[in-house]
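Following this line, the structures themselves.
Look at the two complexes coming up: chain A is in both, with chain B in one and chain C in the other.
Entry: the complex of A and B
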């Protein structure tokens, strides 16, 4: 039952992605003026313009162009060629994706425990000052302009205290050539690898120092959303009869909360978790730009400013695909966790 | 049913009156709006006038070397930060409000139609809507800004379009609940036109849910517009807008923290109050959600 549900849910995300490709394809047509001219740049030779015109088949009807675009994308896995960097886009992705994954994972490592803890505490200690403080923190988190928070963090921790660096990924003083020495292209992971294999821990420590501020800034919004969802889900569950029964039986408070309530409150929280993770792994546009973190988000913003349209197309497509994928994973996890789905499997009912 | 409209607002007002934090939020928002509207009279300086010789990086009045001449200090070009924050409010608030109005204007009629007609139309419209909802709003806005080009009008269109699917979804599900009610059936039996049924009869009854979504969207649209401007994809300096002001002040923040703190605080305060208001309205109007 679960497998069939999963397959159906998977099939549903295909039209969504096709729709995005169509949207991006038409977006290119929205650009005022001749696309070939815009793409080639102001000082391009007529040959270059003609070359771009021919490679995009701009003189053919739109469905031929779209078909060609899809064929390249899906069958050949060709993401296109960046005009600004003059490189294959897949090469640019290969360095940007690990950076984004590293930052997003670090942010989630902060956001998930803190968000869950604050949410549970404020639901259990409802209407006490614990609840008020936790609710205030989460409301502040969703209302905080992340670029402002980033600036304040830099101002405080770097300028005033001088503890942490503000941009980049690694100190110049560390002996580490990212082109040849980096196995994972995630410097904290490389650092751990070096440390474990006896190469010393200085790379790891330096990478961690550079990672801290952007990770804190990026964790704010997901932390706040997780906290808010946990609180409302826990409140819903704690009001139900079986919780009162458990309490009446004399089950200790922490056991009621962690065992009886948390299990049932988990479903909406898991959904939010995956939604937030999907948004983070697609590249944090603002945070990465602020901290000069060379990930997908920064790449995307740069490509928009430099009017590098193939890069914008493939970048947004990738971000969208990641988001859709995490959405799908979230739904599948919820389906797998939900006792109602399991019931359907054993009973063979109409689920 | 013509009395339905005032009733909605009256019930919203009652909720606000009964809730301390909502009262505070409304008061602060009202204050911010009045200050922004009154910017030409309240600000002593022109927000664009440069003063490169004598007044660069004057600190705010409570710091050493500051004066009430420039209450929030001046920026690297000698412009008065206080005046710029006030004038910036006009643009920033509009950049939060107009996209939401555009999103509601597009989404609500579609949702009404989809929910009321049902069947194939509903199926088609909602599938399309789900495709749009499958992506974060900021991504849709980013695509549109990237391809339409940068600027205030395009920014508003982009952010507005990104919010339309949310409104369509909410309006549709609220309409589904109203569709089979007697007042709709009787209007239909009386031969009222489709437009009349939807806008005169159904709309006033689903306005509650729309207002809640609009308040929340106002908050996030303001954040997103400011964020896009900060990235240089929306309002361009020297136009006073909170996000663009932060982008400009970023270069000077080692010397002049006040060029960043005040516009950022303005964004934060506005969004915070809108979220408080949205939360309390949702708790009050949605019987399912648990009250804190």
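Entry: the complex of A and C
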């Protein structure tokens, strides 16, 4: 039942995604400057630019270029060839996506518990000192520029305290060649695997040290959103009659909050949570750049400024698909948490 | 209750952080002879004939050798894989005798066949390896495709190259990275993927590459010029300049490539024990007048504006002293530099007079384009543009500042949409032709132009054309000096500055020399014991 629902929703999003690539392709053709110029830089003599354009087949009409791209994608499942990097896009994705997944997961592991905790605390202890602190943290979280926070974290934890490395993914001291020894391309996972299979835990610990600061930086925005949504949802629920009834019956405070209120407040929070996750797994340009984390976000932004069409196309497709997927997961989870929507669906109604 | 949860989690967090911290001290890049070099970006690929960007070529230069090379710290040519060479009297035939007993990192011999293969793959569209690159950039760019008519192996250790016309810069071109000798066996094996599995004869051999993270090279113990002192060099990419600075201050890297002038000052304060070497770079930053547009078609106006700009102040303020004011389009370190030319004196009263003579007693309004990116020749183009804007204003010329995304910027300036534009150039082969012809010859003044002043003086163009065909350097130097004199009078540019390049290094790093062409050589580098 769920599976069919999921499949249908996903199939519906395919034309949307394809339309998105077409729109982007067209938009990129509208802005001036092309990859031949970017590649040649100051050295772009007319012959050189003409030669590069011819070599990359940029002189074909745009619909021919787009058609070729689409044909390979649909018929061969080929994501295409990056013009700028001159290599298969699937190869570039193979390292960038795991890096992004690792960082995004770590950020969520921080954002979700901290965000929920702060949200619940500030709702329960409304208009107290606790509430103000939590609101302050969440407001700072949304409004503080990440690059500044990143520099602050480096300054404090790396330069002043010397506890954690500034940036990168793994120490050069560890005997582990990330290019050849990494099975998962996520070094914390590789590290756990090595530890479990008796290879020692130093790779895991090193990877964890490098992951900590970027994960904290990246977690601030989703954490703030989760916190604010939790607070308002909880406040809403806590004013309901049944909560007063529960309290009147003498149910202890923590039981009222965690058992009676939390489940009802969870619905909007879950929706926000999946939206945030979808955004995170699409890559985080600034965090990746600041912490020299070779993820997807930076790859895609670079491909736009270098006018690397196939890369922009496939990147957009991927990010779009991830977003659709997380939206879907969010809806399914809400359905599962809320018996009312479940009934509504089995009754044939729309949600 | 809430309180206890909070303080408990705080305690847990502190314990976690402390635990991480005590496990190992921040990666002190120290063990043995492993040098970590921090730079602004990853390499695009490691095929020296394909790429033109510094981050690619800096790695390639340590993996590959060329027939001839630039002597350390200079632009003079010295033997490398070729022990000696002869040039025929008509200047058309070059015969190279190769160094014996040199092997590639894969064990195959470096011989005449390998040299021919390395160059012909870029030259001959029918060559089996020609298709492995989308673009053989520099071969085309340096005009080798038009210049070279044949490259032959005379015997196992002798290569002959035949040219269509005599070319003075030819030998210097062969010292550039694109002319590196690659292992034909490896190219046949890896095909296009050779660009990610490079095999050369150089002092270091390729070990591994994790995209956008690091490239690892190990010493080639059988290197023909001796064994490198370093056991390993790691090139790490730090796309953000502030992060790169932090990594250097935290002692995570031994060397920090391309710091901004401000960062050099920060390093002097916060890590005073760091060594900082500085070298004048082979480059020029300039303001080009679009000589085909409005008031700028009048040389008097251009000369007047040359007098209006306080270059010393720009170098002090924006370059933080890391540069010298430019007089000519080529840097003074280059042979053929005309030192008898005196710069237009900074004199705004005289500038106003000249403008009045030219028919602009009340000045005029115009637009100045500035690049959106930091380049080695101009660390902060916006601030340079603002300084010039202020200088021009005091002589009555009101300038609006404009910028575009880098690709768009190059496009628009090449098409001549700008009235005035800031740009620069970094020399490739230490030959004045590589500056003057590219940037100021009438042959390159048609859109899309590399001569973005669209300066077209028939006499200058002819001198530059002739100088390419003379092989006696002394005579060429005279010709370039004459061209500089003419250019100075016509003033199609305001030559602004030649920047200096700084390399902050850990005090343990020994034997590193900055090269004028921007190459980074690690062959003679070592790390002192702590």
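Convention: the second predicted complex is superposed on the first by the 283 of 351 C-alpha atoms of A that agree within 3 Å, B and C clash if a C-alpha of one lies under 4 Å from a C-alpha of the other, contacts with A are read in each partner's own complex, and residues count from 1 in each chain.
Just so it is clear, contacts are C-beta pairs under 8 Å (C-beta built on N, C-alpha and C of every residue); 3 or more make two chains touch, one makes a residue touch a chain.
Quick caveat: nothing in here was measured; it's all calculated off a predicted structure.
Residue contacts after overlaying the shared chain place A:305 against chain B and chain C alike.
By the touch criterion defined above, A:241 reaches neither chain B nor chain C. In the superposed model, A:76 makes contact with neither chain B nor chain C. By the document's definition of touching, both partners, chain B and chain C, reach A:289. Which of chain B and chain C touches more residues of chain A is settled by the count: it is C. Within the superposed three-chain model, A:31 lies in touch with chain B and with chain C [touch as defined at top]. In the superposition on the C-alpha atoms of chain A, the part of chain A touched by chain B in one complex and by chain C in the other spans residues 31-32, 147, 151, 154-155, 159, 289, 305.
Interface residues of chain B, counted against chain A in their complex, comprise 127-128, 130-131, 134-136, 138-139, 142-149, 219, 223, 226-227, 230-233, 243, 246, 250, 253-254, 257, 260-261, 264, 267-268, 271-272, 274-276, 279, 289-290, 292. Of all residues in chain A, only 13, 15-16, 19-20, 23-24, 27-28, 30-32, 126-127, 131, 135, 139-140, 142-148, 151-152, 154-155, 159, 231-232, 235-236, 239, 279, 282, 285-286, 289, 300-301, 303-305, 309, 312, 316, 319-320, 323-324, 327 touch chain B in the complex they form. Of all residues in chain C, those touching chain A in their complex are 1-2, 5-6, 9, 17-18, 20-21, 23-29, 31, 34, 36, 42, 44-45, 50, 52-53, 133-135, 137, 140-141, 192, 195-196, 207-214, 216, 234, 236-240, 242-243, 246-247, 249-250, 252, 405-412, 414, 423-426, 438, 444, 446-450.
Residue ranges of chain A in contact with chain C, taken from their complex: 31-35, 37-49, 51-52, 55-56, 83-87, 92, 95-96, 117, 121, 124-125, 130, 147, 150-151, 154-155, 157-159, 161-169, 171-173, 177-180, 202, 205-206, 208-209, 212, 253-254, 289-292, 294, 298-299, 305-307.
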